[in-house]
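Each chain carries a letter (A, B, C and D) given by its place in the written order, and its residues are counted from 1.
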Amino acid sequence: MTVRAAVAGASGYAGGEILRLLVSHPEVEIGAVTAHSSAGRRLGDVQPHLAAVADRVLVETSAESLRGHDVVFLALPHGRSAALAQQLAPGTLVVDCGADFRLRDAADWQRFYGSPHAGTWPYGLPELPGARDELKGTDRIAVPGCYPTAVTLALFPAFLAGLVEPEAVVVAASGTSGAGRVAKPHLVGSEVMGSMTPYGVGGGHRHTPELVQNLSRVAGERVTVSFTPTLAPMPRGILATCSARLRPHTAPDDVHALEDTVRSAYETAYADEPFVRLLPPGTWPATGAVLGSNTAQVQVTVDAVAGRLVCVSAIDNLTKGTAGGAVQSMNIALGLPEGTGLPMNGVAP
Amino acid sequence: MTVRAAVAGASGYAGGEILRLLVSHPEVEIGAVTAHSSAGRRLGDVQPHLAAVADRVLVETSAESLRGHDVVFLALPHGRSAALAQQLAPGTLVVDCGADFRLRDAADWQRFYGSPHAGTWPYGLPELPGARDELKGTDRIAVPGCYPTAVTLALFPAFLAGLVEPEAVVVAASGTSGAGRVAKPHLVGSEVMGSMTPYGVGGGHRHTPELVQNLSRVAGERVTVSFTPTLAPMPRGILATCSARLRPHTAPDDVHALEDTVRSAYETAYADEPFVRLLPPGTWPATGAVLGSNTAQVQVTVDAVAGRLVCVSAIDNLTKGTAGGAVQSMNIALGLPEGTGLPMNGVAP
Amino acid sequence: MTVRAAVAGASGYAGGEILRLLVSHPEVEIGAVTAHSSAGRRLGDVQPHLAAVADRVLVETSAESLRGHDVVFLALPHGRSAALAQQLAPGTLVVDCGADFRLRDAADWQRFYGSPHAGTWPYGLPELPGARDELKGTDRIAVPGCYPTAVTLALFPAFLAGLVEPEAVVVAASGTSGAGRVAKPHLVGSEVMGSMTPYGVGGGHRHTPELVQNLSRVAGERVTVSFTPTLAPMPRGILATCSARLRPHTAPDDVHALEDTVRSAYETAYADEPFVRLLPPGTWPATGAVLGSNTAQVQVTVDAVAGRLVCVSAIDNLTKGTAGGAVQSMNIALGLPEGTGLPMNGVAP
Amino acid sequence: MTVRAAVAGASGYAGGEILRLLVSHPEVEIGAVTAHSSAGRRLGDVQPHLAAVADRVLVETSAESLRGHDVVFLALPHGRSAALAQQLAPGTLVVDCGADFRLRDAADWQRFYGSPHAGTWPYGLPELPGARDELKGTDRIAVPGCYPTAVTLALFPAFLAGLVEPEAVVVAASGTSGAGRVAKPHLVGSEVMGSMTPYGVGGGHRHTPELVQNLSRVAGERVTVSFTPTLAPMPRGILATCSARLRPHTAPDDVHALEDTVRSAYETAYADEPFVRLLPPGTWPATGAVLGSNTAQVQVTVDAVAGRLVCVSAIDNLTKGTAGGAVQSMNIALGLPEGTGLPMNGVAP
């Protein structure tokens, strides 16, 4: 089986990463690569790391240029996917890496994005309970945000097992590519190297409602999330440090028994997941170990004195957090082996 | 007034930073600079950035080499200060940058360090309520740990004003110099660049009891702290992201009123502090902005949906977090103007 | 065809990179993975990025553990390969990533390494004129040093075309992984981040005679090379900036004609090379664009005022500069398509 | 003596660094701080590291706002200084950190900047033979470019002593702040971290004629310079790696004698220079060691096989390379002790 795939927004970081992965995907043939202001340029000039497709020419992003493909990846600014998608025939698998179709609650969308809600598509986080069933055979996929991928993988087993109160605290560090390929003053190298700084503090980051949605779905009750993203001096990677108060009935006097219960919940959740690596006890995730790979590293422990479960995940925001998750979900939708074309090994050191 | 100061452990990062500051201190004359394995070497060979004192020769750290100074800075591994200090005459101001004399509770010390407790000295965080009074005229100072400096400055105004429940959650990112000048495999440049990773997760970091001590002292009740330090790809700097549940009586329906109350508490706490800069609303601390300076940047906000106060601080772990805090406290002890010789401006970008 | 490959020194950076590539190589089955001080440990504990082979256990490096494989990669400290190699039966393809068999001149070896010369094997830089013929069907390969790979690819077309005097000046910046996985004080993250420094200045670096050997072989006369390596604050990558005086007969008054001649020489040299990308005029190599890939970026220009040809190359020191070059050469030796299992695209940004 | 100083272009990197230094200068009172698009904003919002002057308000850059000061620092884009300067009364010391008045040859200016030449002012590199005499009492100073400062300090002693042929090869790595405070796509953090890349290759960089001017002035004959700047993944710092062919009569058979001759030349040149540190033999400059300081580290050696003298310097491009050099030259012009207010120690690690 060979599928023909187009990539819209191929001049950006997400689009570039999708192409990097598709080049190595044995069942995919790359069709149109589209952009807006870079249309007409050679891909090699815009994405100099993509040597294998350097001579491909970017065409204008439009329904016309995207038609006639089996799969269309959209890596566009939010608010741009809906109009394009409805011009693409049902049967074409549309994989949207933007935010437009992630949220179920129209009011959430309106509050955080300030525009009408476009709808909700099957959610491309296969590890989330129930998600794989929705992805099989679908022709529309909403790829999760990078933070929600990292945070959900760190926390959901705890909620699934009912171990914690429905109030999570998350501090996540992201590499700068998470901000996209934009030349804003605060993203200039001189400003970011050697510096860490938070942003969107106090609940304002647009990934917050998506976090709440995912964890609430698993918990079966409304979960609040105090989410603080921080910008870290590295190009890629998310380290999500998460915690939640342990439920009284899960906090026996015996700390070791509690630790066993917690570990068990995570081992169960990730026993058969090819792209989540629950680390051996005592070792902790590092973003450097997952660079360029579709692997999420996860670890969990109990802080008995503070009465909290603490869990940490590391992903590459552009791979597992965007393009890799997109390809993994595409594989499921198309009935391919889930790991086809996806690197498990990081590029380290 | 000119005081003669010795620096023990001058070959390490903390000792080097003390020297960097003392060179510019108008009231200090640098006396003995001591080390152990580097004794006999020129300072310029060991600390090539200290051009102004490059020709000074390191002597062996001992009571003999440290005697006869007005001030002795100890920048030694924990457990080494007590024996030296008791051989230095009362009247000599001993400023210990190590952990030995920070904790008040001997059981805490025993649990985290596994050795007998040496005692408790006046605590060198002048901004902490009550600390300045203890520092004036003292001849013994325990310089705080770098994380406790950052975290206490971020959180104590909230506890002082009774705004939050006594359960704090802290995730802090530190530059690699916080680990000291040691060639351990996980600190090698190839491993740390481009990577973030947590350590001491679950309450195991030795700065945890110091955090609890500081915040409990201000809160007037036992505060628990869930503390997760992370290693960030930068040489210096700590960004402490902290939060705590807002007390019900401080959570009026009117979010703006709540925000005003919170801001007011911080403005009051820092109105006269020369080295704490409460940022204008909407801007957030960045470690890059305080590099090499004794300034702490602080900001606070309210996450009304999650019901938490979120506060963030940024310091240079070696300056305000160690050597700068030490010199600031020395100034107070000696009756000098508190800011003498201390840079307020960071080196940026 | 499936070949069984062992990797000796699998706990190091070069060994880890070989494994990363072999996992994706469709014709290779990974056999023994060996180490010395890490023998007995799981690969996932030592190389946490290698999720796909995390459960493999490292065994002691020895002739016994390496026997019975079709291919044996040696990623060992210099001086260790010869003894092992002679215990491996002829017919086993031995690919040595160390220095032992690179030099042809025993005196050069003696002068730079201070031990007896072990011999000379076919040289694993396929792009070097004549190298492919020596590699086909061989059972012994000496993988080039990382700097010689970068520098030779930048300069040899100029010497091949007789454009420059036999005196090259090379300044190359390398990421820290080039120093290997060793916890030396000057390689600690705190020291290397934010800093650039040269080493081995004045002709002392051990890759110097290899550079001279390669360029002299192409030039047909003795070439001298002034080579200064510098340590750059990044984990991976080599940027080699090279120049040589233009030969009088190649310096016509018409600069444009000269530029055409120079470009022509490079286009000819690299017309059919899958892993060398001669960039479009006006764009210059960047190490960030080749991270994790087997691609070398090359560019060349003429400085008419200074009378020099200036050429620059960028490679990933661990991929094209070590493990990728090794696999590429293995492919040739075994008669496989040269690019099998080798990524052309870098991981960027 | 207290002088009142204005800083034009205080919102940029050079202007910010000038302010950082002036705050600690005991003889300077800071007057107007001016900017263009940031006029009206508080300095603390634009330069958050300048805590000591955070409440100062930026005013529009104009002759009016700059008048009435003893000293005016201009940190403006090239081409902007001439018009302003001629509106400032003679007797006001104007220190121009831009390029406008550095070059002596109008044709050089025209060729590299494409506009009419404004003139030539005394050159603010005090270490250059003859420069101090021109600076004493002057009311106009042209501060050197950052690369010319680093390269001239590395090379001029060799030319002064007649040790080398008049053809230098220079490869210099610069931190990103050298490009100024501009949000260009190639300067974004995601692009620069982990990557090195050259620019202005082949003689096109605008600092080239300034290099040639400085070295020719010392050599007493026309020197050609092959200059390749590279962008390094760090915010600050220049490492200049330079070499030139040794003159035959300076190349005795005895390498040690030659090394002594070379070292002697450098020791003589820098015997009394407070801000140039000729390192002990065998140790090499590192940009990390001079961060934030006005010190230049220099080292030199002989590559006898290649027949070249190799010399290396490290400076902070914003301090010694711009603002520090400016203040040092101001001190000379005003008759103050040359080192007043200038840090010799770097901020490291």
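Worth a mention:
Note that contacts are C-beta pairs under 8 Å (C-beta built on N, C-alpha and C of every residue); 3 or more make two chains touch, one makes a residue touch a chain.
Chain-to-protein mapping (UniProt): A, B, C, D = N-acetyl-gamma-glutamyl-phosphate reductase.
These numbers were taken from a predicted model, which means no experiment stands behind them.
Of the two chain pairs shown, A-C and B-C, the one joined by more C-beta contacts is A-C. Compared with chain B, the chain whose C-alpha mean position is the greatest distance off is C.
We define each chain's centre as the mean of its Cα atoms; on that basis chain A and chain C are separated by 35 Å.
Work out the mean CA point of chain B and of chain C, and you get 45 Å between them.
Among all residues of chain B, those that touch two or more other chains are 13, 175, 177, 181, 190-194, 233-236, 286, 288-289, 291, 349. In the complex of the two chains, the chain A residues touching chain B come out as 167, 169, 171, 173, 175, 190-199, 201-203, 224-228, 230, 232-237, 239, 241, 243, 245, 284-289, 291, 299, 301-308, 310, 312, 314, 349.
Of all residues in chain D, only 13, 175-177, 179, 181-185, 187-194, 233-235 touch chain A in the complex they form. Interface of chain B with chain D (complex): residues 13, 16, 19-20, 23-24, 42, 44-45, 47-54, 177, 181, 193-194, 235-236, 277, 279-280, 283, 286, 288-293, 295, 297, 343-349.
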